[in-house]
Structures are given as structure tokens and as C-alpha cells.
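In this document, chain identifiers A, B, C and D correspond to the written order of the chains, with residue numbering beginning at 1 in each.
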Amino acid sequence: MLGPVRYAMIGGGEGAFIGPVHRTAAAIAGNCRLVAGAFSSDAQRARRSGEAIGLAAERCYASFEEMIAGERGRSDGAEFIAIVTPNHVHAPAAIAALEAGFPVLCDKPLADTLAAAESIAEAAARTGLLVGVTHTYTGYPMVRQARALVAGGGLGAVRRVAVKYTQGWLAKAEDSEGKQAEWRVDPARSGLAGAFGDIGTHAFNLVQFITGERMTRLSAEIRAAVPGRRLDDDGAAMFHLEGGGRGTLVASQICTGDANGLEISVWCEEAGLHWRQEQPNSLRVARRGKPEEIWTPGGDRNYLDPSAMAVTRLPSGHPEGYFEAFANIYRDFADSVRGNVPEQPSYASLADGLAGMRFIQAAHDSSAAGAAWVELQGDE
Amino acid sequence: MLGPVRYAMIGGGEGAFIGPVHRTAAAIAGNCRLVAGAFSSDAQRARRSGEAIGLAAERCYASFEEMIAGERGRSDGAEFIAIVTPNHVHAPAAIAALEAGFPVLCDKPLADTLAAAESIAEAAARTGLLVGVTHTYTGYPMVRQARALVAGGGLGAVRRVAVKYTQGWLAKAEDSEGKQAEWRVDPARSGLAGAFGDIGTHAFNLVQFITGERMTRLSAEIRAAVPGRRLDDDGAAMFHLEGGGRGTLVASQICTGDANGLEISVWCEEAGLHWRQEQPNSLRVARRGKPEEIWTPGGDRNYLDPSAMAVTRLPSGHPEGYFEAFANIYRDFADSVRGNVPEQPSYASLADGLAGMRFIQAAHDSSAAGAAWVELQGDE
Amino acid sequence: MLGPVRYAMIGGGEGAFIGPVHRTAAAIAGNCRLVAGAFSSDAQRARRSGEAIGLAAERCYASFEEMIAGERGRSDGAEFIAIVTPNHVHAPAAIAALEAGFPVLCDKPLADTLAAAESIAEAAARTGLLVGVTHTYTGYPMVRQARALVAGGGLGAVRRVAVKYTQGWLAKAEDSEGKQAEWRVDPARSGLAGAFGDIGTHAFNLVQFITGERMTRLSAEIRAAVPGRRLDDDGAAMFHLEGGGRGTLVASQICTGDANGLEISVWCEEAGLHWRQEQPNSLRVARRGKPEEIWTPGGDRNYLDPSAMAVTRLPSGHPEGYFEAFANIYRDFADSVRGNVPEQPSYASLADGLAGMRFIQAAHDSSAAGAAWVELQGDE
Amino acid sequence: MLGPVRYAMIGGGEGAFIGPVHRTAAAIAGNCRLVAGAFSSDAQRARRSGEAIGLAAERCYASFEEMIAGERGRSDGAEFIAIVTPNHVHAPAAIAALEAGFPVLCDKPLADTLAAAESIAEAAARTGLLVGVTHTYTGYPMVRQARALVAGGGLGAVRRVAVKYTQGWLAKAEDSEGKQAEWRVDPARSGLAGAFGDIGTHAFNLVQFITGERMTRLSAEIRAAVPGRRLDDDGAAMFHLEGGGRGTLVASQICTGDANGLEISVWCEEAGLHWRQEQPNSLRVARRGKPEEIWTPGGDRNYLDPSAMAVTRLPSGHPEGYFEAFANIYRDFADSVRGNVPEQPSYASLADGLAGMRFIQAAHDSSAAGAAWVELQGDE
């Protein structure tokens, strides 16, 4: 049975932020279709959420265990499962899904703790099934173009990186309210993921994605700057890359006035590359002794790398945004589930997700030791 | 039978630009679902196009007449029809749809000629059915915010407007090739719509939308700047608004290096408003004697007008783009078809579409008379 | 006697705007030195103004006639005279200076009326002396780079130009107060020069400077938008260039919120060039099918044209501004007075100044005739 | 004897970069006049340099010792001495000048070593004479506005700072050639001042200037990234402020493609402030829950703080740049020499200069100890 790839969702009920983003992304992707959901641990709410988006009542399950059981038994059942719950549910849900034979596309960070993330990795190894992580920003055409330029553009070695991800939405104590903020500032549900886990991992992943290098060690200081907060909301790190480059990383959710300020500069020997998430459709390429270049996406931009063209839907000058970047991740994952794995998938791999967890753990360890240098273990 | 609003599409088959945009927009809108299509006048191609996007074979019709007949007879038939053909098909398709009882959402400009547009208006009057036109840019939150500021922000009278819509994709004679460019530069299919019709109408509509005023007269010069081209590809106009303001409008498709350069400045007595389509998520508000303000969309931007908030899907800093603006038009039109007409719909009305055709005609007439002033008739 | 070129100034006393700008510019230029002044028609004020800037009392003259007589007789007398008075004094002062043997550097516009400007031209022809006009913006490196690219960069013909010069400082009736605004809105002192004369001529001059082409005809609408004002404060024009290109020009001083908004786009067959006075250190070059380029000045920018390099004082990234652009004009004029005429002087020539006056007159004539097309006479 | 304040210069002969900048700045300042110079340690060259700028031959001295002696004896002698030599000459020249009774305005960093800087401080203390340091960027109006907003704008505590100063001019080994680069990469003449000393001190000074707080500790990694270089060309640091805020600082001269990329963000509890040296005429103020504000200088900007207005020469929209910022430093220093000390001088104080040297030393010490935290001593 062909047609769009069928998927089911765990989490993402009424009032959630990221669940609807995943569903809209999948709708834009065009090659997948939501067929079932366990949208909430509250059965009524789960049903209401599912019906609001047009699912049949029988496929609005009251728990992820029920859903996995139910979908497993259907000939038209889900082909993969998307997990968009608070972090502490990622591991139990993912492991149950994998054990039941479903590939998993999981929101970031991979889990609430490094141990939990490793248990997902073990389940994936055991079952041989695909696990992807949604690090949204690798779905942007210009991020992929940056990666291509570093990899094959003759720019020489990466020498310095500056990445910052600054938001202001937790600038005040009273901001930690409402459904979304609530679980994010609760260690029981968010796990390690304060600012460094929630957005620092995006920054980390972006560094490794664009440079194509592993971060090998870091020295970090993280803290809860707002009195009474139990998770870190502000921090910074210095780091080394495996190729000898060095960098700084700032991740903070108390940067008043900033919205979603993810920015990265990667300076190579022959050029600097500069990208800002809030204006995602331009990549600034500053070469030695030449006028700066502004690269932009568009189906008519023949100068772009195939990996950037592959995630461009419109002619130049027609802005694509956050949803489209996310849609690229869904599209590639759905294709992969059917066996058509793109050469450079937009989704982060399980290894990337694990690396992100190690990064968070290392940042905590370093900070606890007065910003001591901590080595980041690679995958062997 | 509730659930998403069902719609059918005329035009938009393989290789087309705007058809897929409409379909993606509708998918993002979330409240409508494509159920049928007459995607091409070539039956094989129509079938292939429909199946590629998951439609049942029986609902991939070989002509719009067949589709209208087929959908009319089904209990689960389309509830409205979207028209995305070359311009010369707009009127016959729209009139047939209206006569058969279908509301119509039509791509811009409304028709190939003013007479054809008027015949659509007559059919709409006769049937009492809704006709909407997709002037994409009125779907952007910051455009709607600009309108709200002019209407109720205490800015005083509009005194000057500068709008330009400049593209470079027809800069060379050889650019008039490939499926999309081809019909757009052929008077038999495009009608009046060279650059002034294709993109000048967007600029015109944006002026009237943001200022809330009617353009009353214009003096225009349009021309085919590239040798051998049969339709205008470059032009400009000076114009008057009903409230006494004056403006300039440039519409050109030979502006080498420009992608989709729609920009507007509206200067009122107390502030100037500035918006650029290529960076749609900021509205510059320059008040007398104050620091400039940069307004941005986002669910957390409590300072925004409800009409802008209503078309915002994400927190601030998460860029929405062209597809989302277009999706707002679909969402509002689908709601309207079901009887829930928004206070300020994102789609252009039939009257707006007609005004756009009168604008094109007036620009041609003025230009033919050496840029003589031509009055623009209003709706009485 | 060598050393810096000695100059004297007419106008520019206490409270004036442009006089001090000229003097600072000359100080930066480094090759000229102010030695005398007739700074005001009020003798006390003239003396006070001169002493405040360190001139010897004997060289602070009570009238320009006295100054011309006095300087003429000295072995260390002025070598040229700068005129920075209200417009209606330009012609009498310039003619007196020329007749007495002094070259003249005159602020723009050249005079209050076309007839007055022509009388300056006659005096210049009669005496064979140099007259320059200070159209500040041609002193910017990136403006000169733009000119060089059009002239020799293989960009093909100029096809469209959009220039606007919008300010908001006369947005309200009450803004026409204070010394500076006062004479500018008084026809007896300002002559033809409302917004079109004061800043429209800058825009006009910039068009001709960058394109290297003559504006051949225009259709303009100008008006006094603010009730009670006696000179135009707002207007626009469409125009033709001698090479077949077309353009729009907006000049307005009622554009609330705009400071000194001079912007120009010149689209040639192979690239578009874009420059904004408020961010003068970048020139955007958008070529067909290539990433956009941002050209910036700097002594280390070997890719720049010699005409741009010649007016660059600092390494790249060290912003030069309005004063430095103006200084280039002084430096080139002073060099010319000593016989070292630069290949491409930064100052506007007498012919340019005359053309500017014809432009103002034509705009008035066109507007009075309902925006009729008016031919612009060239110099034969 | 009144008139402009007379000054003499040590260093800054033919081919130098910063000497001419000082002289142009002084010319713009308007209240000081160069009367003597010891421009080079080569007597011929010193003479040639002085005559080229119009100095009398007798006041073009062959050494700073001769100059100090010569000027000391004249009734029209210099009133202060500007030092623009390579760093290792700062201390001997400054001490000799102070001992002879001359106030000193010294280019940054204050000296080649911390010990040398302290010896200048001792001489200043001994003589009671004024020493100023030219940290250019504190002369910009918008930097001063930022300081005023932090100090009195109700923004609450500073919580995070991100400052970077990135240049690319030493990106390659072969870049270390030519007069200017040469001494800067030679430890014997530059002292501690590699990238951290040359530009990192500017960044450090800017942090302390805008926040009004002392940097109390830092952890830094600096290195010579380009093989063969003997001084650091690349580095980064994390730091703490005395009020509890934290920050990151990057200073590098191997950031290919960057020109003079000094940028700072200061996030306070109620707003973030953002300034970029390459576009110095705007200060972005992002308040909690409000549209962002863009503050710009201009004599008509009544909303500005007096400390910003005091260094603004032109109406809004007329860009002032690097020279004008530098001129403010000269103007304030010259006024101070005559006893009119501004409330908030644009020049850095001796204490600021010393703090900068301690910062450099601490960065070296920290880096040598594996980025260990090093306390920064304050002045008691």
C-alpha cells in the first residue's frame, strides 16, 4: 500500500507548542500523513485533540502503550512514530515504539538524561530500526549550503566558530508559567535540559553540522540566573574542534528582548560564513579580499549545492521559514522509512542526538568543576 | 458532514509554479482538503498530476467542465473551486464553477481582460456566491499590522506612498522560456497581464489594502523593454489616493538581480511605515521624533493588532514566509465558505480583483496616451 | 607661496548648518585653510562667528563685497571663495567673486533661479575661472564605485533607475521655524528651491553622475503638502535617460520619520546597483544568476576602482561618513585651483549645477501643466 | 594666549596608519592645532613627514627628547603631547613628556608591558598631569547612549554581555608584512599586544564603559593560530562582571573576511542593547514585550542623552564615522588640558588604560594555565 507514509504522534495535544509544528511540517512535506495519536496522558484531552485535527476517534489513543498496540495490529497502521512529549517521556516512548517495530522521529534533546538516551540507542541497535532527531535548523537550505561550502568549497580549515542561541522568554521569574514553560523549567520532566539542553544542543548540533567536525572538549559555565529557577537558564562555553579550530557558544533564555536568536559564524582560512536563524534566507560568505557575497535560496539559484536545492521549494525571493525547514526533516525521514534514504538527510541521526546529550552532560560537569575542561567522547 | 472544507483545483499540473503553492498553502491552513482536480487540459497529464499528490483516479478529471459536473453530483464533492490556470482560462472556469454552485478562489489577476473580469463579477452577482482572489501579500501578519496602524493608530492622513515590485527573471530575451515564463509573456494566454498585470496588480492591491484608500487616478508609462517581447515587462506610474495622498509605483520584471522585490513605504502625518516582502517578518515604524520601531510577529507579541495575531502561528523569532501568508488566505476563504467570514479576510474580494483589472487597463490606456492621467472608476 | 590652499567663505555664520560642514570638510581635506570670511550680513555677528573659529579680526568682513576687496589686495589672500549663503545670494556673491578673479565653490543648488544660475555661468565664461558645486553625495567612495561599474564594468545599458530622497523634517507646519528651516521655506531667499530644489537636485545629480547619462525629459508633480507653506515640500517625477533607460524620482521633506533618506537603484542589463546614503559604506551589486555582492570601501580593497580608492582614507571596516564625502569635494577643488585637476573630480561642475537648475525649472513647469512631459535642454 | 590648544605628536610619520588618524581627528575637533612633531626616529623622514603636513621645519624634531626640550622652551609651545608610536615607545615617551610638564594623550594599549604601563602611572601620579588613552569607540554617540541607558534607563542589572572584535587582516602568514603589520606582530615592539592587546583591549574597554562595571575575573585561551607568528592572533575568554553579570569576549585577527568587526550585546533585566562598530549610527534597544527600537544620532534627536548629544555634529541621517568618534576624544582631551573637563570625557582615563593592560596580562596568564580563572585587580 503506497501513498503518503503514515505516522502516529505521541504528545502534542491541546496547548502544546511543538506538536502542531510537527504536524504542519508533515503537511508541508507532502509525503506523510498523520493517522493516529496519543496526544495527552489525559484521555479526554487526547480524544479532543485528535478530533480537532480530523483523526478518527478510534485512533485517538489514551496512552502511547495503547497506541503502539493498536497501530501495530492494523494493515493501515502507522509506519513511524513521532515523539513530541516533555523530555522525560522520550525514552520510554521511543523504546516501546522501537520494540514494537516502529522507527522513531524524536524531538530534541534525545532524552532527559544521558543514561536514558543511551537506552534508546541500545533499543535502536537491538531492533535495527531508524531513529531521527528533529534539530530544526539543519533543515534550512542556507545551513546546508554552509555545510557544503565548508566541506567542498575550498575554504580551508575551520579556525574559529562563534555560535549563540539567545532567547528572552524566560527573562523573568514570572515567565516560567503556562503549559509550555512549565515543564521546561521542571527538572523532573525536562531532565538535564535547561537552556543548554533546550537550545544549547541546537547550537552544538549546528556547529558539528556545518563544520563537519566533532567538538572534542569544552569549558562551560552555566547557571540559573533568575532566582528560584531550578534549571540553568543562562550559560556559555569555549570549545575545541577536532580539526584544531576553536569556538565560543552562548545559550541563554534570559537575554531580554531576543526572540529566537540563533546565529553562527564559521571562519575558515579562505572565507567566513555567517548565518542567522531569524533571517534564514541569506548566507553571508566573506572571502579574503573580495566583496562579500549574499547567498540566497531559490529554485532558480543554479549556483547552490544540490543539498541546498533539494530543500528549496520556491523561486528566489519567496521566503521560506521555520515550518519549511521542519518539513524537510519530515520529508527526509518519511522517505528514509520507505527505504529512500537521502544522501544528506535533514534530520539529525541517533548518533547526533547522543552527541547532543553528551554535550549537555559535559557542560554540566564542566560548570560544576569551575569551568574545567571536559573531553567529549566520540562514537567509536 | 464536517471535517476540513473540501476543494477542487483547476490548473496547477506538473511543472506549474502556483498550483503547488496553493496546495501547500491549503495543507498548512489545516481547515481544507483537496479532493479533486482538473490539473491540465491534457488528460494523461491531468491524471498523472493528480495521482502524484494522492488523489483518487476518479477525481482527476480531464477538463474543468467534467470536474464541475462530477463534483456537483457527489455528496462528498468539493465545496469550493480554486483556479490556478493561465489568465485566459480564469473567466470561463470561474463562470462555469459559479453557475454550478461553487464558490471560487481565483489566482490573480482576476482575468485576462477587464471585460472577462466583469463577466465573472456578473456571474457572482447572479449566483450570489463568494469569489476571492489570492493576493498573497495581504496574508502576511506585518502587512495586516500596517493596515491596522493606518486605520486606527492615530497616524493621521496618508501623504505619500512609494511601492515597487521589481523582479529580474525576465531580464533577457532568452528568459522567456520554460513552461512558466512562456504563457506569461504570451498575450493570448496572459491577456493584459505583462509586468503590470502580473505583479503591478499586487503592488496596487497592497497600496489599497494598507492605506484603506482607493487609488483615484494614475499616469503610467509601461513598455516591453526587451526586444521582441509582446507584453510589457517594465513600467512605472504616479498616482493619487482618494484622501489626497500621492504615490509612485514601479513594476518591472527586467530589474536584473532582483528576486521578488516588493517593497512599500507609506508616510502618514505622524509616522512612516515600511515593509519588504523579502524580509516579511518586520515592519518598520518611524514616528516623528522617536526612535524607529521594528514590529515583528509572534504569538507572544501582545502589542500586535488582532488582525495580525490571527495570522501568526509561531512564537516570535520563528520566521513564517510566503507559504504561511498564502495559507492564511486559504484558511479564511475556507472558513468563509462554511459561513464563518473573518472580520478582515486575508483573501482579496471580488471588488479588489475587479479594481486590479481596472488598474491594469488604466495603466495601458495612460501609457498609450503618453502617460496621460486616467481616472480609476470605483465601485458604486 | 605654497602650503595649503587658502580660501574665504561667504555665509555660514552662527547657527547655520552648512557653513560649519564646509569648514570641517576643508579641515579633513588637509590641503586647504580658511583665511577669511563674510559670515553674516550683520557685522557684529560676522565678527563673532569669525573669531569663534580663530580667524584674525581683520579678516572677518562685514560684507562679501568688503571681503572680496580685502582679500584681493593681499599677498596671502584667499585663493578661492566658498559660498554657503541662502540661495538668493549665490549669484551676486559668485559673480562678484569671479569678476574679482576668485574661483568659486558654491553650495547647491547653484542659484535661486535659472536666470541667476545662467548669469553665474556667463561670469565664469567671461573670466575663465573655475566654478564648482558641492553635491555632497558624489564624494562618497561607493557612489564613485557605482559610476565606475556602470561606465566600465560590462554591465550593459541602464534600463531603469529608482531614486528617492525623503526627509521628514518639514512634516508639520510648525517645523518651518528656526534659522535653518526659515530661509529654506521662503521663496524670496530660497528661490525655486523647495524640496525639489533643495534635495531633488541632489537626487537628479546622483542619477546623472552614476549613470553617466543625461536626463532628457520628465513628467513631475510637485506641491506644498503642508497647508500654508509657500514652496513645494513634496513631489515625484518619471523621467527618461538619453540611453533609453527610464526612472522615477521622489523628493519630499514631509516623509515623517525619514532622516536623510537618499537611496538609488540603477538596474543595468547585467546587474543592479543599490546605494543608500544612510549606510554609505556599502554598495550592493546584484548580478544575474550570482550571489549578491556587497562592495565596501577601504584602503585594502584592491578590487575597487581608482576613483573610489582615491577618496578612501581608512582601512575597510572603519566607517567614513558625510564629512569625509564633503572633504573629498574640498580636496579636489583646492587641488584644481592650484592646477592639479583630478581625472574625476568629486565636485560637481558648473555644467552640472546648471543642469540641476534646469531640472528644477522643468519640474515646476511640468507640474504646472498637469505633469506634462518637459524636455531637459542639454549643454551644446 | 588663547585660540586652539596646541599639541605635538610623537610618531605617526610617513606610511603610518594611526598618526594621520589622530591628526585628522584633531582637525575635526576644531579646538586643537598641531604645532610640532617627532614623527620618526629617522631624522630625514621626520622632517619630510612634518613638512608634508605644513609644519615649520624648526618644529619637525629628530627625536622625542629634542621635541620635548624644544617645545618646553617656547611661549607658543605645545600644551600637550600625543603619542602614536609602536607600543614599546609609549612608556619612555610618555614619562619624558610628563616629567617635562606635558599632559599626554596616548594611543592604546597604554604600553607594551604591564610594568611599563605602571611606570607611566607613577610618572602621572608624581607630576599630577593628565594622561588620556584613545579607545576610539567610546567616542561614538551611540556607545555613549548605551552607557547612559544602562546607567540611568531603568534597565535593571546587566546579566550577560557578548563582545567580539574580529578582523581578518592577519589571516595569512604573508599578511604580516608592510610597515603597519610588521611592528604589530613583533613582540619586541608590540609587547604583550597581539590580537588580545591590539583589539581585545578595545573590546574590554567597551564592556566596562557601557556596563559601568568592572570585569572581575576571566578565563581565556589565546594562541598564534598562523604558523610562525610570535604573538597571539586569535583568542576568546569568558568573564564575570562585578555586578554578577557574565560574558564572552572574542578577539581575533585571523577571522577571514571580517574587516573591523567590533560588536557588543549587553542584556539587562529589562532590555538588550546591541551595537556594531561597522554601522555605528544605530543602537538597537530590545525591550521586554515591545517592538525593538533603533536609536540614531542627530542634533534633532531630542530623546538622546546629553552625553550622546554632546558628541553629535550633524542632523540625523548624516552619517558620522570613525574620524568623528576619534575627534570627540581629541576635543574632550584638549578641553581638559585647558581645565574644562567634560562630565563624561570621551577619552579613556589612565585608570582605564591600566585596567586594559591588566586585562591583557590576565588573559596571557589564564591561557598559559589552561584557561584557568584569573582575578583582575581593580584600582583601590
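Note that contacts are C-beta pairs under 8 Å (C-beta built on N, C-alpha and C of every residue); 3 or more make two chains touch, one makes a residue touch a chain.
Everything numeric in this text was worked out from a predicted model, so none of it was measured.
Annotation of chain B and chain D: jointly contacted by A, C, touch as defined at the top.
Separation of chain A from chain C in touch steps, taking the shortest path, is 1.
Comparing the contact residues of chain A and chain B by number shows a mostly shared set, over half of all numbers used being common to the two copies. Taking each chain's centre as the mean of its C-alpha atoms, the one that lies farthest from the centre of chain B is D. With centres defined as mean CA coordinates, chain B is found 35 Å away from chain A.
For this pair, chain B with chain C, the centres built from the Cα atoms lie 43 Å apart.
Contacts with at least two other chains are made by residues 258, 285, 292, 296, 300 of chain D. Contact residues on chain C toward chain B in their complex (touch as defined above): 159-160, 162, 164, 166, 168, 171-172, 219, 221, 223, 225, 234, 236-238, 246-248, 250, 252, 254-258, 265, 267-272, 285-288, 292, 370-371, 373. Against chain D, the residues of chain C that register as touching in their complex are 3-4, 17, 20-21, 24, 27-28, 30, 53-54, 167, 169, 258-261, 277-281, 296, 298, 300, 313-324. Put simply, chain C touches chain A in their complex at residues 285, 289-296, 300, 302-303.
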